[in-house]
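Chain nomenclature is as follows: A, B and C, assigned in order of appearance, with residue numbering initiated at 1 for each chain independently.
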């Protein structure tokens, strides 16, 4: 294994396991550890301890899916952020750069505005995210004058702004007593309403996005070279970029559809991971995803326990993420790019 | 002796703008071609066309006997290596990781480098004499060391033709000498090398042929002694030089 | 003249005076013309009250009616123009459009905090039109009706409505007072398609629920609306759930996670009626008086024996000037989730 990688892997996986166990143990519903252990024994070893039925519902239907969703969304956002930062050769890039969040937001907001069911809202968000990126990619690839990467970024910014304007318009027209609060809460992001159905919806798409990223993990390193260099090494740049965009978009759209917009994870975590293990993508991707999952799980656990009402995760990701990032930045033995 | 890299009646340029016409080139293994010329004279355009990154406007380029257009990109990569100019901020890959990228054309689409690829990378690193730097990060190296790492990457490709774009630009004197020494050594081992430079003296040091480019196309092509003359340089650069012979070697001295 | 004397004058209300000065609920002195024929209601609660007192004086609604809401009003009233709102969240009215409609009086009913008072001042200054800001709290509705009636010159009509409200509020209050604490159920107000937005303690949205003595499970925290997690709702385990979202009402029965809650197991989830104006939460105006009887019937069926259809017909006749036909009552009260099975 390459140098520096093993400790980082262990750190990430260890943190993940510990956090998951901890997360199962805390929550607004009073669940004594004894009941939790009894339930685990029942399900894993076929024992038959008596537990209050609501406790089982809480752990298997409410807390469990929420924890899994936090892991999924955190890993998806971190993974796609890592891919995009490599592809755009820029550590300031987040998964939103091509407009997937703006598109998903518009889809969801339209769904809320037209009083759709929760499932339709999620599907609309997913479709909106994909459509936005599709449009950005289409426009970006038609512009021949500029460097292809720059075209994509510009198209992403333009479309993101346009979609933002539509969202603002809908917020303005929405019924301020019924629809506007729902819209606001969706835009702030939250894992409070995750159901097992949500996971069943998002997981396949997120995995579908992960598979190409995983298969191409070594090739993606080549995207950090200048265009001429990469081509002269034998890379089909256009197709590789398209594959990365599709994969990252699937992952992000699936995550945003069930969680709303949670910022900072896709931007900070890849950066932090890069500082730990360097930019080599086949090493960086798993570490970033594990770190992202752990981070969002920690944040979401706090969101649902520190106050009597839910705290929007976007607030905590910024509050916690920034010092955490500074700690790594200062403490890293060498300055990675 | 089979020709490694050849251009026949090559016309090169961008859509709507021709930069050079009617260029004939033939480079055999062991030959070093030095391309001289002012900025804007078309060196980069020519190189991109020779590398297959820019389609030829007229004529054709042949690599190991096959026309470039007929070769898939991966095959071109296996036969010809590109060493870019040393400018630009590198990513913090290690030398080994960087050289390993040269093996792209030998690795399947979804695969990662295998033992054979790692060995090829190691060999290329040793060949350039930078074995001690293998685990070092690119951003921590000197310009010259980075340049050698880039050459190693081109070697790892398995290429027999090497195209180096201003390999000594922004290098200190010592590193410039090291790079030129490598070029001569590679030629001695049978590589066909093309490099561009702003220093006519380097043509005398490392090249077996010189191509002098000016606005509109090739001015002269031939052995260094024939091409690097005071008249030619005056015509192309607009400055006075004196060609001197020192112990059998030639030097180009500008008259200030 | 001293302010006290002016206030006294306002109370005396001599119609012969060319103009009258009134003290509104925000402590502002507003000069109101002697004859008021055209009233602009700046927000939905005001619209309901102005319409109830004298529908012909209302210039327009803050937003157009949904087709399902229109049949409950006379067509000429249902089709009044949409003029936008001046206050509350999101202002959509335009000062020039306001002037074009040339009302004699602008009325707003709701919160009377200084921020809203200053908004009223600003509009008054900008348009030169008198702007009355009246208290929208439940208990203040009768007095607000009277003040509004006085301003509009429809004291008789306003008095009738005010008495109805006073009587209803007193009646409900008395009934609720008889309920011992252990019979007051734990209630949860589920908003939004997933039912996880709720009204905290003391919020205007939970007022009907809390007035009826139900224990708002989210009431430990004071505030407005808030996002909560399902785990929390499971922890609270409400006995009754009120909701404003038909999607939530439809889906809650299929959702395995909600089945663990007592209210869902006992099939005590209720959808608030909302035609033409909401009964439970929005708009926060006099329209909620009828909601007291509906929710009361759900919470304490033995204490609210009256026939809801008759009560609804009476209320609608009085406040909305149209007695609903039997089919309309069916549509209103027969919507799935409105009445206990």
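Worth pointing out:
One rule holds in what follows: a contact is a pair of C-beta atoms (placed from the backbone, for glycine too) under 8 Å apart; a residue touches a chain by one contact, two chains touch by 3 or more.
Predicted model, so just to flag it, every value in this text is computed and none were measured.
Remark: the per-chain Cα centre closest to the mean position of all protein Cα atoms belongs to A. At the far end from subunit C, in terms of centres built from Cα atoms, lies B. Subunit A and subunit B have Cα centroids separated by 44 Å. In this assembly, the C-alpha centroid of subunit A lies 42 Å from the C-alpha centroid of subunit C.
For this pair, subunit B with subunit C, the centres built from the Cα atoms lie 81 Å apart. Contacts from subunit A toward subunit B in the complex involve residues 3, 89, 215-219, 221-222, 224-226, 228-229, 231-236, 278-280, 282, 334, 336-337.
Those residues of subunit C lying in contact with subunit A across their complex are 63, 88-90, 92, 191-194, 196-197, 200, 218, 220-221, 223, 225-232, 234-235, 237, 244-247, 250-251, 255-257, 259-260, 281-283. Contacts from subunit B toward subunit A in the complex involve residues 48, 51, 53, 73-74, 76-78, 80-82, 84, 88-89, 91-94, 97, 101-102, 104-105, 107, 109-113, 135, 137, 139-140, 153, 157. Against subunit C, the residues of subunit A that register as touching in their complex are 27-30, 53-54, 57-58, 61-63, 66, 112, 115-118, 121, 172, 175-178, 180-182, 185, 190, 192-193, 195, 304, 308-310, 312.
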